[in-house]
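What follows is subunit A paired twice: with subunit B in the first complex and subunit C in the second.
Take a look at the complex of A and B:
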């Protein structure tokens, strides 16, 4: 035979490996304008949240003599019903609302993601018990259930975090279990089991890296939902308690000002500001998540 | 000679991947006359299917026809409008895909799908077409041709579905049918019937056909002429008999050579693994009945049989994934715990497994160094530098250099992936490796490389193999002993020469006689017996 066969000559394109930062940077350069907008907005929110005491002109709970003061150089967005500076509270609100939402989302993913993986790998009675328990929890309307639990356990920040995390972890559990199921049946997972690997290794090293993209996308969406739930609960009065500034309760406290819009447009806008802050962040996060989803779902060749 | 039915001249096709256009077909000519069957062969990625689709004036998404001309019955398909081409497709040019299961709509009855194109093109009235479809089912040798059309795709077997699909293609009496690997997914025993039915149909209606495959023996039965493709270029084209007896190009000869691989079988009385009277079932469905198999030390036992015969289940019993209901697996004379979780790490280390689909057998997020390195750490406690050195040594053993250590599975070709899987199994220093159809997803030339590697490793390391396969050529190439399985039972077991020599039990006879040979008259001979 004149042509000898060599394994090295087999086709298979080898791309030059680039460093992680290089790859991230090239991806970023290709990101659409919406994703850039989203990332910049999120970055601003984070900076404001972290450096709130330096940016805010007044303290979070500092009371000024004049309640419902109009917009002025001293009080950029006026003062609220007991004379606290609205602008300062908006800035501190970023810190509280985002911080608590972030913490809650992480907790929800630890609980839901962990149990979802275990259920997908185990696939026996444990999976049945966990899945049915989740079904029961999901059957109860989340907001009403949260209201009930909060009135039982009291509206401390910690009970708020734990209760919302627990309720949201049911959704994370379902997603994690569903995507992990597709990976569990792959031969490489069986190969790891045949090797004698324990549950922890199979979860962390074999399955988790393969389901990370949908989980990261879900993290972004879940963060928005948690954020909105907290705002809603605060609006209803059982969320973050005064004097801690929070966008949801700020909307409620200043809601009556909307009626004054016909006399003073600026005053009417005051309760809209925290609502707009919520909306803007939600949209920004969704833009970034959308971009990430398109990028990782393998659809880019179709573009 | 009359005008050709299909004439393709200097066709160029590009495909889009990795964010740029690559040339897939680089200037191929093709001429096909009425009633003629042309075989297109080549390894995967050679551009066979792309060229086949181009004959319909079609480029799949992500591909584009860049240059050249396609004339079908004198009409230029490169210039024809999309709607004009649509009136040709299904009516005058038909296509039979590799996976009939994926090509049929599971929600509609077979007969409705069979005559759909005929009705859409308004070629004949519905009742007439339905009667004709029944006649075609009969011609395709399908059981109950009157009523089988009323079934849904999941209610017939894979071989029957493939024949129904050929009937679907025939329904409009096209001038040209493109067969794209129509029997690749079928068992050998089923393949014979499907091939015979397709050949009959093509002969009867004097249909021209392009038959795409990578199996030389199959194309030898079907085609009048054979065209060999490689890397999007024509290697050579000749009449089937000329091509088989006198291949000119070295590449064609290398394709021929694979089937000639033969290993003389050696006897060995020392037993490493024995399966004793094992009965196993999935839930309540029994799969294995009283199976006993002996594996001699340092030798290869091939388990052959069609799909559903219990070959892979036997492997699952050995590895402990499926504890048997009755019977036991003994390793070096000691009974292994039936369930995986009760086995010790030493016991697990001794038996390793290599899978059919190397794609799914490796974690796509781990680099080669981690894939091979993990068993080194897990079983042998090698870490850091010692591990890296051992990975390099193993890569050398499987004929790859250590630059592969840094790659992800997605950056490897099919053959390279399977080699990495072999290295992962070797990393455990096992005494027995179970190979589950390890070569059936690979091209013939690559298959040869893998088989030779496995043979060399056996010589060097004295490892024993259990080789699960349905391909008799592979058995010929690698086995010392053969176990023939059918419907969960062992039909026959013994040294290779004894099994291959007559007389055979009925099933072995059927299995051996179903394997196509390179003789173009083989199909005729088989049908007469």
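Take a look at the complex of A and C:
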């Protein structure tokens, strides 16, 4: 027992804090099972989307001799109306559908979030004009508006992305403006402006960090909404165009198979698969967002 | 003037202004058409005279504001213009009036929407109120789980699952809703049953959840607790104290979801090949038949604005604070 106890070491370690990853991990360990389920599903979708060419057994537009082939070891979920492998197209569909929806959501947040912050800080005629314009745009149902704009600009991926991003940015604008309003009146924002910081600094360094949690939650919900809108438009035949694989149009193309369900149940299920893939991702994102909202704002279902 | 009347008039004026701007946006759709669209409509071989005649018919030689006044004036009189389809490069014009295309289809869509709403609204209100009253019970939790699942599904998944179950595996309903003007009433109901059921599942889920949240919110307020503590019977608490304040949120919920019905109807009509205005709009978007798209968008947006307006007015008119001003 030569070692003598000294409190010095322990006192010295008190200042050492948990790293950011440690803190995230302790939060995650407390997450409910639904949130875990959601996160695992999202992770699988992301992996499939990123590594699509390595996972898919066949190419995206590779045509096989037999159209509408039944489920078999060669073609796990059969082939579609011109003989493309459904399983491979489902995998490529993850990449296209999720990728386009993600890009659209980011664009919607850049436009809507940026303008919303500007409107909240600069409460002048600019705020009035932007808010009234958003009111009018939101008076038209989004899907109807999107259909009208697509008929004018034609259905290409880029017009799809820009149109839906613009329509959804109105919702982001409303939320950002509303939550930023509460922060703009704080003393520290006043202090920053008095010491002569520019608009960009106030937006990024003073307000944005304080409104981040509701915006992140909104990002998840907005992504779901954009994802469903793009799927619906593709399903209607005016969204993502063939031969690009996409879940919405895959449902439509294989829809006729459903009549054969009483003879071959698996064939009848083929058009349901892409639709179910859409639903599963939506549910997963919703679960994670719910957990995140409870975590960050103490918001919960009143019991 | 009575405060309610002022508020209602203000809201009506707002609605008219919104409608004006929306019509302006829809009208300006033609302005953004690319320059070569006459070729796309009339074909590559269109002669210069045909193109010039077509442009003159669209009034592209007149300034935009005059065209807007002409257009909105004609729309007010029920004249929605001529469809782009059916025109040929030689200048022979077999196009049809948009109003003739839309008329019967609008009737079909209204039939479907009305049929759905008549079942959906009472059912959703019943489910919403009962789940709010027996919050946390097994009944509440199971209804919640089912509605959460239907909400997360795209409409076409619900539709195809219903087709799979009720048409392919157990042939109960027809999968195609091929109705026309001469279809007898009950056959029409039978053939529209599946599209209506799809819309019902989606709408009821939304409406029930929003009603439940509104009622729970209300039941948590101090004056309800006061009424309970006074020893009033549960029925009196609900009917005399809760309901007068619940009309506004309930009207909002109903109108919001009927407006949602307007959008949902597009996808469902396409799935079931139901000859409604939603399907017409989608077909016209693919064919880039702008006048038909404009007319459909105007009808959809108009219905949407009108429903929201009615909800607002109902919540103003039933607001106890405005009804009994101090």
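Going forward, the second predicted complex is superposed on the first by the 280 of 303 C-alpha atoms of A that agree within 3 Å, B and C clash if a C-alpha of one lies under 4 Å from a C-alpha of the other, contacts with A are read in each partner's own complex, and residues count from 1 in each chain.
In the analysis below, a residue touches a chain if its C-beta (ideal position, glycine included) is under 8 Å from a C-beta of that chain, and two chains touch if they have at least 3 such contacts.
A quick note: this is a predicted structure, and the numbers were derived from the prediction, not measured.
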Which of subunit B and subunit C A:33 touches, first, second, both or neither: neither
Touched partner set for A:278, first subunit B, second subunit C, both or neither: second
First, second, both or neither for A:197, with subunit B first and subunit C second: first
Per-residue contact with subunit A, leading partner among subunit C and subunit B: C
Which of subunit B and subunit C A:188 touches, first, second, both or neither: first
Subunit A residues contacted in one complex by subunit B, in the other by subunit C: 302
Of all residues in subunit A, those that touch subunit C in their complex: 135-137, 139-145, 147-154, 228, 231-232, 235-238, 248, 251-252, 255, 258-262, 265, 268-269, 271-272, 275-276, 278-279, 282-283, 286, 302-303
Interfacial residue positions of subunit C with respect to subunit A in the complex: 18, 21-22, 25-26, 29, 32-33, 135-136, 149, 152-157, 160-161, 163-164, 167-169, 175, 216-217, 220, 259, 262-263, 266-267, 270-271, 281-282, 284-286, 288-290, 293-294, 296-297, 300-301, 304-305, 308
Subunit A-facing residues of subunit B, complex: 16-18, 45, 61-62, 250-251, 253-254, 257, 319-321, 340, 343, 345, 348, 352-353, 355, 357, 360-366, 374-375, 378-379, 398-401, 406-407, 411-416, 419, 424, 428, 445-446, 448-449, 453
Subunit A - residues contacting subunit B, complex: 1-3, 5-8, 10-15, 17, 186-188, 190-191, 193-197, 205-206, 209-210, 301-302
